[in-house]
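Each of the next two complexes has chain A plus one other chain: chain B in the first, chain C in the second.
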Partner chain A sequence: MDLIILTQYVLSGLVIGVIYALMAVSITFVHGMMKVVNWSMGEYYMMGGYIQYLLITMLIGPSLWFLGIPIAFAIIFVLGVVIQRYMLHPMFVGESERMDEYATIVTITLMILFRNLAIIFGGPYQYSVPDYFPPTDLGPLPISGNRFMALIGTALILGILYYVMKKTWPGRALLGMSQNRIGIQTAGINVRRLDEIAFGIGVGLAAAAGALLAPVFLVWAESGSVPTMKGFEIVVIGGLGSIPGSIIAALLLGLIESLGSVFISSEYRDLFGFVFLILILIFRPNGLFGDRERLA
Partner chain B sequence: MPHLTVENLRVGYIPGIDILQGLSLEVKPGKITGIIGPNGAGKSTLLKAVFGFLVPHEGTMLFNGTPIQGQSPAEIKKQGISYIPQGANNFPFLPVKENLLLGCWTFRKDKARIEQVIEETYELFPALAKKHRQRAGMLSGGEAKMLSIAKELVTSPTLAMVDEPSAGLSPIITDYVYEFLAKKRDEGLTILIVDQNIQKAVEYSEYLYMFEMGMVKMEGDQHVFSDHIREIIRDSLVGEDE
Partner chain C sequence: MNKTRKQFFLTTVGLALVMALFPMWLGEFYLHVVTIGLFYVILAISWNLLAGYAGQLSLAHHAFAAVGGYASALLFLYGSEALGTPLPLWTTIIFGTIFAGLVGYGLGSVCLNMRRIYLAITTWAFAESFRLWVMSEYEITRGDLGLSTELLFDTSDPTPFFYVFLGATALCLWIVFEIIRSPAGFYLRALRDDEEAAQAMGVDTVRWKRFAFTASSAMAGFAGTLQAHYIGMLTPTPIKFNEMAIILVMVIAGGLRSFWGPAIGAMFIQVLAEALRDYAEYRMVLFAVMVLAIMRFYREGIFGMMRDGVAKLRSQPIRGST
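And now, the complex of A and B:
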């Protein structure tokens, strides 16, 4: 096979991987900080898409699309804080023995609620957001402008996240919380507030992903389900709670899907990821980075 | 005025089951107060209640005369109480220095003070200075314990509550930890210690309480306990009535 074509497939796989990474990081972020799985993650992605659609069509217009991403993040961050404070926080008091089950029930309930609210307000339609950028070239790879912007946007958002976690006091406290909740409290940090910030950032990232990817995948009530599925796949491959693991696993999944569809068959695109997942579960049940690294 | 006064405290982990059943005690300023007693007597529960991890449903706790019951750990820390839990209470994947920085959270905007206390900590514990870039999880048991203690003392508290300072440590390290605490006491820090190691607790405490079944069974000055230490250790090992 032509080397240029191969390079193109590798590149397009990596682009897809980067696009997957944001959602996976948001899932693993919430799990790493709070030790619960948030099953409604895809719905924050979905709402991020709707917010972006409404902003572009009614308020800021298509040329200022990039403003919609921080706005979607901010709105869903606030929603996340409210959900954490009034619906999830009760599971951390009174020595509740069934914390995971409680969180599962609450977050699945929220998933159903948000999907149906989206249908009530938006109808059963799929909305398409105007293109962010004209088609362009990424080295030898001709790429849609939307994917190109998603690539840059994701890299930027992950860069900001890295900076916040490594260089700021709240980030330092969040990292500490993911490793030792008692230690955070003996240091005099308000763990309730920190939980709210952690959940807010986690769901905010999902919303930012939804807004960023609105023109790549369509905006509709169940648009969050595929990213969530891919996200969980990646998180398990990379190791629950490991942010670098999630990013690397996302790139790997993108590559495997892209190369698998070329060399085997594009019909089985989604299958390759699951085969990879099963292999990981057999040979490294904790994921690629699960036992060595948590959140760093 | 005692530094910390606990009166008629009733508190537990599950509603309806009290571990401490109307317990009262006093911690005098500038002294080491020790608490001993068998497993399940409620020693650690008391420390958790004072630090706000557990909310008492009856009784009062006064710190410098101000009630603190019902406050969160963050609020209690701000008033000058530090809690050093059993074992290593570090952030294993963060470097030693980041661990200490997190200990400085309550004065995180005061850069000069942070620099100063970290410098002082490194002087006190040269082993930590040498390994300040290493992850806390890579430290030896003794070093990890030093870090856990140092991390809670960077705030210059007036009362330090130490849960089982000797648990899991070699006798040499245990001696080191107790000597360190005694030195801090001489510098004016009030200390409340809980320990299974009766000998060490009695050796270093000026005043002691013995708990049993969530109540104070015996209290007194150091000599009251040191005079009967053999009986106390025997009773705590075999129980009295069996």
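And now, the complex of A and C:
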């Protein structure tokens, strides 16, 4: 095969991998901080897309599209805090013997709720957001402007997340919580408040991803199902709760899908990820970079 | 025969007798609704066996119904072609059931080391992979076009199908009852409550995990084969995650970990869903809010509510009887 074509496939695989990383970071974040898997993540992504669409068409116009991303983050952050306070919090206070079971059931139900609310309010239509940027070239690879902006946006969002987590007070408190929930309480930190912030940031990240990727994957009621699918694959491959792990896994998944569809068959594109995931879990039940789960 | 078993048989036989009269009262449409309701009852009680009693929160149950259905339909299609005569449907139904059980055994073996979240995600990945496989191998499975299947009875009247489903549901209820009353039932619950402790007490956790997966998958596959030969069409749509969410809603609404709860919940949700058919999205919102309320305020579900109500009525002295 021609070397240039091969580099093009590798590059496009990496680009889609970066986009997947943005989809996965929300699940990883929430699980890392709260040990909860958020099955409704895709629905916050979907709502982020709707918010962006409404903002662009009604309020700020297509030239100021980048303002929509922090606004979507802020709105969904508040929603996340409310959900954490009234729906998810009870699982931490001993009302439930099996907190993972409670969280799975509640978040799957939230998924049904938001998805059908979106159909009621938005109808079964697919909305498209105007392009963010004209088409451009990335080395040998011609790339759509929207994907290019998604690339830059992802790098920015992950950079800000890194800065917040390592350098600011709440970020370091969150890191502490991810290490030891009880230990941090002895240091005088209100874990309940911190949980709300963690869940809010987590779902806010999903909404920001939805707003950023709105022109790439269109805005509709079930637009959350692809990020959920890719997100879970990545998070499990990389190891739950490990943010660097999920970024590496996302790049790997993008590469596997891109090269697999060239060398094997493009029909199976979506299947590669699942096969890879099940293989990884058989040999490493905690993912590539996951810590061994503590029993009991 | 001890008291609980007597009670179980009386209730089941009584319910079955009452329901056997349904074709006299209900129109064809509602009989169809109740028949599909019975299909969901089998799925709900077998999922409750796996998730409620054994604590293995699998998200692939809807896929096992489809595995059974496709196995049976494909065996009929290609087996009849190879033999030159149509295979009797009961053989393909048995094959579909056993096949789903075997796939369940395989998935259970893969998931032996996985706990909680990893288990949920792996089973979910299995279901999605199966759906994608069905969609992409359209030369075998006919993909989105749908695989038309042989009907169990050559009629569009749901009455004979209804009796088959009624019998199948009673059979599955009996199997689940015997499992949870036997030592196996106690092992499964021990597995759920504390795997390490169960292991220390000498419970073969590997064996019983596999057993729970195999039994519940075989039951789901059985229901799936019957449904395939009732509807006459198999598509990848019921392997979507929404279907699993509906099973989950049914079991939670009825009451997870109770014997009758999931059955009641499945029938209740199915009939309510059909009654509200004109408000497609609103009814899903309603169900979601209902489940959230149950999870938040009253974990026992509809069955728990009924039981508490009966207990309250019993504890009150009957007026005027003194």
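We take it that the second predicted complex is superposed on the first by the 289 of 296 C-alpha atoms of A that agree within 3 Å, B and C clash if a C-alpha of one lies under 4 Å from a C-alpha of the other, contacts with A are read in each partner's own complex, and residues count from 1 in each chain.
Here is the rule we use: contacts are C-beta pairs under 8 Å (C-beta built on N, C-alpha and C of every residue); 3 or more make two chains touch, one makes a residue touch a chain.
All values reported here derive from a predicted model rather than from experimental measurement.
If you count the residues of chain A touched by chain B and by chain C, you find the higher number for C. Legend: residue contacts after superposition of the two complexes on their common chain; A:Met229 is shown touching chain C, with no touch to chain B. Of the two partner chains placed around the shared chain by superposition, chain C is the only one that A:Leu110 touches, whereas chain B remains out of contact. After overlaying the two complexes on the shared chain, residue contacts for A:Leu279 are found with neither chain B nor chain C. In the superposition on chain A, A:Asp100 makes contact with chain C only, not with chain B.
Once the two complexes are laid over each other on the shared chain, residue contacts for A:Ala173 go to chain B alone; chain C is not touched. Once the two complexes are overlaid on the shared chain, A:Thr186 sits against chain B while remaining clear of chain C.
By the document's definition of touching, neither partner reaches A:Ile5: not chain B, not chain C.
Shared interface residues of chain A, touching chain B in one complex and chain C in the other, are 293, 295-296. Residue ranges of chain C in contact with chain A, taken from their complex: 51, 55, 57, 110, 113-118, 120-122, 124-126, 128-129, 132-133, 136, 194, 196, 241-242, 245, 248-249, 252, 281-282, 284-285, 287-289, 291-292, 295-296, 299. Against chain A, the residues of chain B that register as touching in their complex are 13-15, 51, 53, 72-74, 77-78, 82-85, 89-94, 98, 101-103, 105-106, 108, 151-152, 155. Residues 31, 37, 86-87, 90, 96, 98, 100-102, 104-106, 108-113, 115-117, 119-120, 225, 229, 232-233, 236, 240, 267-268, 270-271, 274-275, 277-278, 281-282, 285-286, 293, 295-296 of chain A are the ones touching chain C in the complex.
Across the interface of their complex, chain B is touched by residues 94-95, 169, 172-173, 175-176, 179-180, 182-192, 293-296 of chain A.
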